[in-house]
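The chains carry the letters A, B and C, assigned in the order they are written, with residues numbered from 1 in each.
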C-alpha cells in the first residue's frame, strides 16, 4: 500500500479506480492512482499472471490499464484528470469491433 | 514539414542543457520529450516540487535548469514519442493519435538511463518495483510506501533513496546490500588512484548516516535474493535469512537507454567496468552516423552533472558543424566544460568498481526465473534455445518470443545477452547486439495511418 | 575432413524443410547456416499457408502449392509429435479483401482465370460481397467491397515451424553447423567439398538452399538461380483477445493473439531498413479494412527480403554438369514446407528430381540462342 506523504495535501484530483473514488496529488500518474487506491495488481497478462507497475517511468510496460474506456494505456505515462476512470486490464487486450462513430 | 536545425531527444539534464545552449548559440532547436514535463528521471516533476521536498537539494537544483529551458527559445514538445529516425535526419513523431514528421540537420539523442533490470526469482510479483519507482512515486504523486518495506541491491541510488524515504517520514525497515566484500577492496584501490570529489563522497556518507540514525537495519554481502508470495509479494528471502515484506524496491545500478542508438545500428562497445553496452562516441558525442550525437547517461553512465556538461559539448559541436561558430571558438568555449567533466569522471571509476553487479544478477542462475516479463519467457527457455543452436539474441528472440512484447526488449535484452554469453562461455561483449526496429515505442494503427503521405 | 551423404547449404525454411526430409529418408545430412545477423527471409515471414493467389499463368505452381497445403497438417502433426513444438497450423480458408469496386472486379477476373487454367484439377473459389464478408469477419469497414475466398488457405507460426524443423532435424541425427560461411567449394560429379572455418565437408550430394545467397553459389555447381531481393514490411500489434477467425492476405491474428499486418513489395536491393511511408500505407489499408484495428498498439515492425526468382515461381533444379547438386529457391517457404519435406527431399535422396518439377528448372530463364 501507499499513502500520501503529507496531510497538508497539495492540489488533488479525484479519479475512479475499479469503481472506487480515489484522491491523488495533481500531476500524479494513473498508475500512481492505482497504487494509492490500494490495489495489489494492475493487470493480468494474457497467460493469467498478475502484474503491477515495476519501473514507473515508461520502460517496462507492466502498468497497462484501461483508462477512460481505452485499453492498453501505459498508465505511468498518463496524468490523472478529474473524473478519470481507471480499470485493471485482465487478459489480452479487449477489442471493440464496433466502435462508436464520431 | 517543420525543418529545425537541431533536434534533441530527451529532456533530462543532458537534453535540457544541450537545447538551452544550442538556442543561445542561435540554433533553431526542437526538444522532443516523451514525458509530460521536463526533467527526465532525476528531475522528474521538479517544477511542482515544494522547497521542503524530501528528495533533497540535489533534486531541487534541477528547477533552475527547467526554468532556463522554459525561458529559452527552444521549441519544447512534451508527451511526444520518436518512433523512427531515418539516416537523413527526418524524425517521425507521435503525440497521441497525431503523427508528424520533422527534419533536423543535426540530432542529439539524450535518452538517459534506465535501471538495470533485476531478474531475481519472483521479481514479477506485484509489490516488487525498482528503487527509481519509489522515487518517482514520491516526486510525482507525493506517495510513500506503507507496511514492511525492503530495499535491496547496490549502488549510490540505493542509499540515496533510503535517505529520501527517511526524510519523508517513511523509513524502510530493512536494506539488503548485495555489494560483495571483494568489491570494497577493489574500490579502495581506485580511491587511491583517482581523486573523487569530496562533495559526492560526503553526500554518500550523509545518506548512510541518516539511515543509521533512523535505526534502519542494513545487511551486507547479501546473496541469493528472491521474492516470494502467492500472487503478490509476501516475503523476501536471501542466503541465510528472510523476512515478511509488503514492498521490495530493487536497484542494481543504471545502464544507458540504447533503444534508439541500437535501432539506428550505431557502433557500440562493451563497457566491462559498468557491464553494459554504450555507443561509440568521439569527444563531442558524435556517433558512427554523421549528424547524430549522444549526450548524457544514454552514452555513458556518469550522472546528472556530467550529463549537463556533455550536453553542452554536443551543442557547441552542432553549432560549429552548422557554421554558427568556428572550430577554435568551439574549443575555447569547451575548455572549462571539459575540465569540469574530467572532475566528474574521476569519481566514476571508484563507483564502478565498488558497485559492479554480480554475474548472478546479470544472468539468473535458476532456470525458473522469468527473463522476458512481457512474454513470460524463463531463463531456462533461453538457455535451451542457445543449446539448440540459436547463435545470438535475434535468433533467441525468434525461437522464444523473448523481446516481442510491448517493452520491445528494453527489460530483457541485457539479461538475454548475459545468458547467451554464459552458455557460450564468452563475455557479453562478444555476443551480437540485438536489433530493435521501428516503431521505437508502440504507436496505434490509427496514429500510424494518420502519417501524411506527402512528407 | 568431415564426410556425410548430403550437405544442405542454408538453414532457413527451405533448407531446414529439405534437410528434415533428407534425414527422415535416412541420409546423413549436414545443414550449414548463417549467424545471428543474416537476411534470413525465414524470420521475416508473415505466416500464411496460402494457395489462392499462387500460379496465375502457371497452373503447375498452383498444383504444387495446393499439394503442399494439403500435406501441411500431416507435417505439422509429425513435427509436434517429434519435437513437442506446436506450429499452430490452422486451415479455416482464407480471404483476400478488396477495397473499392475496381479491386473487386480485378480480383474476380484473376480468380476466374485461375479456375480456367486449373482445368480438371479444379480451383474452388467464391467471390463474396460485403455482406457475406461481414458474416466472416467482424467490423469490416465501409470501403470493403468484398473478397475472394478459397477453402485451401490457412496460416501457421513460421518461427515455430523453423524451430520445429531444426529440432526435428537434430533429433533424427542431422548435424547443424550455425554461424558458418562457405569460403570455398569444389564440385565434381557426386563429389562435393565445401570449405568452412574449421574444416572441410565432403558429400556426394549438395543442396543449395541459401536463399539470396544462391545467386552467387549456384554457378559454381553448374546451376542457375537468378534470384533477387524484394523487400516486404510487416507490423505486429499487441496481444488481443481472439477476434479474427480467418486469415486474410494482409491481416491475420496469430495464436498468441497478436495481429499481423502486411504487406509491401519494394524493389530496394538489399536494404532491410523500414520506410515509414510504407508502414503508414499498411496501417491505412488495415484500418480501412477493419476500422477497429485503429485502436490497437503496434508493438513491432520489421522489414525482410523475400527471395524472388525472375517470374516469381520456385526454382528447383539439378545440375547436369555435376550430378548430385540441387538448388531450391522460392518466396513461399512456409506454404511449400510440406512439399519440400515430403516431395522434394525424397527426390533428392533418390538422386533425381521428378519430371513433374521440370517446369521449375532454372533453365527456363536461359535466353535461347539465335538460330
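Just so we're on the same page, a residue touches a chain if its C-beta (ideal position, glycine included) is under 8 Å from a C-beta of that chain, and two chains touch if they have at least 3 such contacts.
From a predicted model like this one, the values you see are computed outputs, not experimental measurements.
Trainee: Name the graph shape formed by the protein chains and their touching pairs; answer line, ring, star, complete or other.
Mentor: Topology of touching chains reads as complete, every chain touching all others.
Trainee: Comparing A-C against B-C, which pair counts more contacting C-beta pairs?
Mentor: B-C
Trainee: I'd like the Å distance between the centres of subunit A and subunit B, where a centre is the mean of that chain's Cα atoms.
Mentor: Result: the chain centres lie 24 Å from each other.
Trainee: Just the number, please: Cα centre separation of subunit B and subunit C in whole Å.
Mentor: Chain centroid spacing, subunit B to subunit C, equals 41 Å.
Trainee: Per the centroid of Cα atoms for each chain, what is the distance between subunit A and subunit C, given in Å?
Mentor: The computed centroid separation for subunit A versus subunit C comes out at 43 Å.
Trainee: Out of subunit C, which residues touch more than one other chain, so two or more?
Mentor: Residues 238, 256, 294-297 of subunit C touch two or more partner chains.
Trainee: Out of subunit B, which residues touch more than one other chain, so two or more?
Mentor: 405-406
Trainee: Which residues belonging to subunit A are in contact with no fewer than two other chains?
Mentor: Residues 72 of subunit A touch two or more partner chains.
Trainee: Would you pull the subunit B residues touching subunit C in the complex into a rising list?
Mentor: Subunit B reaches subunit C through residues 84, 86, 92, 99, 101, 388-395, 398-399, 401, 404-406, 408, 432, 435, 437-439, 442-446, 448-451, 453, 455.
Trainee: For the complex, give me every residue of subunit A touching subunit B.
Mentor: So the residues of subunit A in touch with subunit B come to 1-6, 9-10, 24-29, 32-33, 35-36, 40-42, 45, 47, 49-62, 64, 72, 76-77, 79.
Trainee: In the complex of these two chains, what residues of subunit C are touching subunit B?
Mentor: Interface residues on subunit C, with respect to subunit B: 33, 35-37, 43, 159, 162-163, 166-167, 170, 176, 178-179, 235-238, 256, 258, 261, 273-274, 276-277, 279-281, 283-284, 286-287, 293-303.
Trainee: Subunit A touches which residues of subunit B in the complex?
Mentor: Residue positions touching the partner: 34-36, 41, 44-45, 48, 50, 54, 79, 114-115, 123-124, 126-130, 132-133, 136-138, 140-147, 168-170, 231-232, 246, 257, 373-374, 376, 405-407, 410-411.
Trainee: Going by the contact rule at the top, pick out the subunit A residues touching subunit C in the complex.
Mentor: It is residues 46, 70-72, 91-99 of subunit A that touch subunit C.
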